[in-house]
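Heads up, there are several structures right after this.
What follows is chain A paired twice: with chain B in the first complex and chain C in the second.
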Partner chain A sequence: MNKLITQLGGTFSLLACLLFSANVTATVDAAPSSGAAATAAAPGEADTAKPKTGSTADHSKFEELDKDFATGPEVTEACLECHTEAAKQVQKTKHWTWEFLNPVTKQKLGKKNLVNNFCTSVRSNESFCNACHVGYGWEDDSFDFTSEVNVDCLVCHDTTGSYKKLPGLAGHPNYETMEWPPKSGKFREATDLKKIAQNVGKTSRDTCGACHFYGGGGDAVKHGDLDSSLAEPGRYLDVHMDADGLNFTCGTCHLSSSHEVSGSRYAPTAADDQGALIRGKNNDRNPTTCVACHGNAPHPGTSVSTAKLNAHTDKVACQTCHIPEFARGEIATKMTWDWSTAGKLDEQGKRIKIEGSEGRDSYDSNKGNFTYERFVIPEYVWFNGDIKYTLFGEKIAEDKVQINEFLGSADDPDSRIWPVKVFRGKQPYDIGNETLAVFHTAGNDDSAFWKNYDWDKALKTGMKTQGLEYSGQMKFVETEMSWPITHMVAPKDDALECAQCHKENGRLQAISGVYMPGRDNTPVIDRLGFTLALFALLGVILHGAVRWFMSKRS
Partner chain B sequence: MERIYVFKRFERFWHWSQAALIIFLLLTGFEVHGTYTLFGFESAVAYHTTAAWTLVGLWVFAIFWHFTTGEWRQYIPTTEKVAAMFRYYLTGIFTNAPHPFKQTRLTKHNPLQRLAYLFILVLINPLIWITGWFYLFYNSWKDWGVEWLNIEYVAMFHVIGAFMMLIFLIAHVYLGTAGHTPTSHIKAMITGWEETD
Partner chain C sequence: MIKAIAGFFVGIALVAVVALTSMQSLMFNITPSPYGVEETAARIQANIMKPEMKANGWSLSGLRDPSKAVAADGGNVLPVLLVEACSTKYSGPLLKEDTSRIFSILMPCTITVFKKDDGKTYIGTMNAGLMGKLFGVGEIMDKVAADQKVFLNFDPSEPAPPLVRVQPGGGGGGGKAAGGC
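Showing the complex of A and B:
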């Protein structure tokens, strides 16, 4: 039965690919004849049809969208004429609020509140960072979170690939022709809002990826398991997203309802022992888990080995074996970031960039030193889904700060062994306030670090936006931040072998609280046992030798 | 010299298949234990489990056979001539002294054998079986209400059982050469016919 479903699924996705590839040649702007659009055309004769989306509406036929929009909010206004509740829905989500109240720890999280060890903080850098906010115009605290036209529909629903919110524009795309990247001599044409609005559709790997692949300030920087190689991945990189295979989009797993996207990094589901999720039977369970589709006995067959694999699901997260490395695509992920060296300039007082391995920068005056790696072996931790953050303002005495801590233990039935990316950095710390510091990075003003490379000014402005007076004394502290590894699922043949953990100094050497055959033993028993066995062997050899000798003599 | 028929066909089949299984279980077991790499961990676990269940099956037949034939009486311990047996193995065997035990069809094991096999039967085997089963059904502990068990100790006692079996194996194989002639016991175990004085 399972096989049949897989085969059917494969056939459908193959059909979809055929239809799609046949249709890309069709001109998007061609006036559709109503007859051809109404019937699903077979590949080959689909001259005027659009790529099959499953949608019942062709947005290019809507009068509301047949106009030259000057700004994004104007487009949103048009969207809301029909989709009356859409903005209200979006405004309830993390994508809009950038806030998340952890229901267990009661910590106030979200991008708005967190300090991380990449670009460290959104605060005071809104116009830059908020290029990834699902809205228009958030450049400081005066942003109106209740304005519905400030919601950006296009960033998630663009299908043309031409919509791009640029850093520095506070969430807007460029409405005029603009030099981009700055001082590059290259120009980006004004965004064609009409074309984009008329071609809206479902979210895709591209739309989600436009922000989530580039977290931390560049491709692959932040997560390690999310980067632009997932836009069109092969089977090896992601068995589900495989563009020629199952071709999952992000939304296939991250099921959404009322614009609320399931799955959370702030409160992840670390363990789910309730089996596959049956349609219509949600029970408020997170549908974005492996178990939601694969159940709790995901390895098929009745052999000793598959039974043993299924028996592992009570302790080991699927990800641990099935994502053997992260950054398994074309692109290296950032592993360390040392802000303490930022600000060095060349003799002319100009910004320096030094290229390192993997074609990525190893130094940038704006940011300091980095290292990048590909095919990184994760670190492993017990994790029950609770994460404790070190928040801004929290008093810290140590020189080594855990920005977040994955909670869990071997004794906790809700804990599983999870793979994580541990990102290590050095970043500013306010000595007087005894807290991780927030600094003003990007902007066109005098205090922006990227303008003047002056920590004092940058920290003063940064701390102020967070409501604290900078003490005037700073140092750099070592910080660590963990990221769950859950994407880039490998085909089963590339999953971990048993012996990669079940041996001494294997992958799970650091995992405590469980007895692992092959890794663990009771040394005194082993020593005693082998010694006695050796004596027995020597004893019988000696006894035999004497017997042989005596029999020769007689 | 006389020849007596001591080991019947099933008994011989039982002995040799059990011997092969036990050697294979030791081999795979110590690999799972992390002592060396031979088959690869995954295969070693699978082979070990399969061999263990096979041995369970063999034992079901063996127990049935022992009870239906009454052969279980061969394992009733005796203290008679135990000291003489020890003396024989420590001195007599070197000087070609006569064997203190007269083998017959009704008493085919010497007193030391009786004790050794009984020791295996009541101590080593239960230790290995019980710990092995708990080890195998680790995921069912919760359902069985034995969550207080500690896998580390279960594994440890299983390993202790394995060491005892290994030591027995060494001694047993050697004493297999201590018959009327060095090969007479082994021949008997193959053909069923033992040569005695």
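Showing the complex of A and C:
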């Protein structure tokens, strides 16, 4: 079986190479030619000072960018002089609106509206959380979503690695030298906007990762299959992103058009049977699926075992076998978060931080207790691409809340068995309103929990921003939130083997509605089989005995 | 006579089968841990560094992660951490004599902490008592076995300690200056 999988994987890699060497849609277009641009290098005269980017424009030669910019919006204004439609395009995307209307469940989702069991809510914490908004200045409801200069071009297109939007600055980088992290005694130089603007380029694992690796308040906190170890990953961690191999960036799969980046965790494609996607073909398909490159019969060959593997694709997502564990890099992912223990201080009344065995905080007065894990074996669910969320304001009676529910079943032809990270937590609940509670965590005001560790004040402010009156009574409830696992694709040799699922208490023990040889049995058939085997054995013995007896007689 | 000889060989074969099937459980002890791999290894290290264990000459000799070598070659294996420790009090007498110096092959004592496909963490130790009895150094190895039990006695009321990333060959306690034993 290993040999077979090895052969198949080799073919996939080759296929992937061929497909992607066709240089699919770039995530950022080269700048249009500008009359203001300085003269280019003479033909054949190589500019050895800069690495090759594949771009046809050298932004350091644009007069528009040869300025000492004081703020990010000033840079955007300069960008828009040439890229006239860019901001308008960005403003239509989820990266800007932080809103998503699920066409199936009709739920209004997006970061702006959702609750999670990490930092729980953006609401009332905008200036901190919005360090990951692709804009400048969103710190409260007065933010102007129509202003084009509020769009942040640099956060996605920086190639210097020096552009950082710090929490607390409402999406701005630091324009002056400032102490960072606060009270650390370390200082971060003012952002060199001119240098960054003159070195813009395609998006990279670093630019996407600046937010997506650090979701939930830190490295490897939220996703489990996305962390900073993917910035320069080895082959073992991700066969596609392998820095010494295929070296995919995020944009290689998450193709973008008019700044709309494909792939969504709000409405993922759980099952794709439309075969390999011809790049450039104009349709509404999601190009990020495995099938979009590897096709409907991803295990090539004509053997019975190959056919059997391909037959699994109508029930099992590719990720289930090919991402056998997540958080396989150097960084352990956060698995639990208990807010109920937050607020404990030392004898001097100061914040406590305790480092755990994984080298990460196991306790922080600001946030409570955490646990972490590496090489996490996923949980598995039937999933048809629809996710139902528990939203703020929804009445909840149980003490255990499913923040999101992956829908699907064995009977549903659009469902596949998917690996998920289930993140478990304890978070505030408003007893009077019978809802999950919004609380104000970050800020320099008196009601911020991280300022005064007073739950009542934090909840009162948080609930008010959500348009609700805090009842004055709270408790902590257990919550669960699932995240689809789809990155960190392992080398073919490390894919799950048959016996890891097809056995009692195997990987798919919790999967219902489907008969799995090795895991399930039918007692009547088992008894019938054993009886037949017993009769066969008795027949052989009897036959042998008769032959022996007859030979003695003769 | 033939029956007796045949019976003798059948007996030998049966003993061999029994020995082969029970070899692993006799030579090694495997016990589940309630903690993750890193925390389990860290708690074992903390126990090794307890004053009463230091008094028995124990120090940490290293912490190895053999899965890293596999990752460097492009593959994945579930996490494994090897906690290495040594006691000069026990190693000294063994290293002194020509006849017992060969037991340096078992030094330092290694406790393996690993994850299985069921997602749980397990601790593997060598059956030091049995090894000692088999090779005639039972007295010393019985003491090692007794100390090993202390290493694996976890106190859940204690917070998770940090993992001590000791370079193999480095060490603490009495053998620190010499790079562990």
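Things worth noting here:
Note that in this section the second predicted complex is superposed on the first by the 474 of 554 C-alpha atoms of A that agree within 3 Å, B and C clash if a C-alpha of one lies under 4 Å from a C-alpha of the other, contacts with A are read in each partner's own complex, and residues count from 1 in each chain.
Everything that follows uses one rule, which is that contacts are C-beta pairs under 8 Å (C-beta built on N, C-alpha and C of every residue); 3 or more make two chains touch, one makes a residue touch a chain.
Remember, it's a predicted structure, so these values are computed and weren't measured experimentally.
Of the two partner chains placed by the overlay, only chain C lies in contact with A:R328; chain B stays clear of it. Of the two partner chains, chain C is the only one that A:R235 touches; chain B does not reach it. Residue contacts after overlaying the shared chain place A:P517 against chain B, while chain C stays out of touching range. In the superposed pair of complexes, A:E469 makes contact with neither chain B nor chain C. Legend: residue contacts after superposition of the two complexes on their common chain; A:V546 is shown touching chain B, with no touch to chain C.
When the two complexes are overlaid on their common chain A, residue A:E179 makes contact with neither chain B nor chain C. Contact residues of chain A toward chain C in the complex are 234-237, 324-325, 328, 332, 354-359, 362-363, 371-377, 490-491, 493-494, 500, 505, 507. In the complex of the two chains, the chain C residues touching chain A come out as 35-39, 41-43, 70-76, 78-79, 115, 117-119, 159-163. Of all residues in chain A, those touching chain B in their complex are 303-305, 308, 311, 314, 497-499, 502-504, 514-515, 517-522, 525-526, 528-530, 532-533, 536-537, 540, 543-544, 546-547, 550-551, 554. Interface of chain B with chain A (complex): residues 32-35, 37, 40-42, 45-46, 49-50, 89, 93-96, 138-139, 150-152, 155-156, 159-160, 162-163, 166-167, 170-171, 173-174, 177-178.
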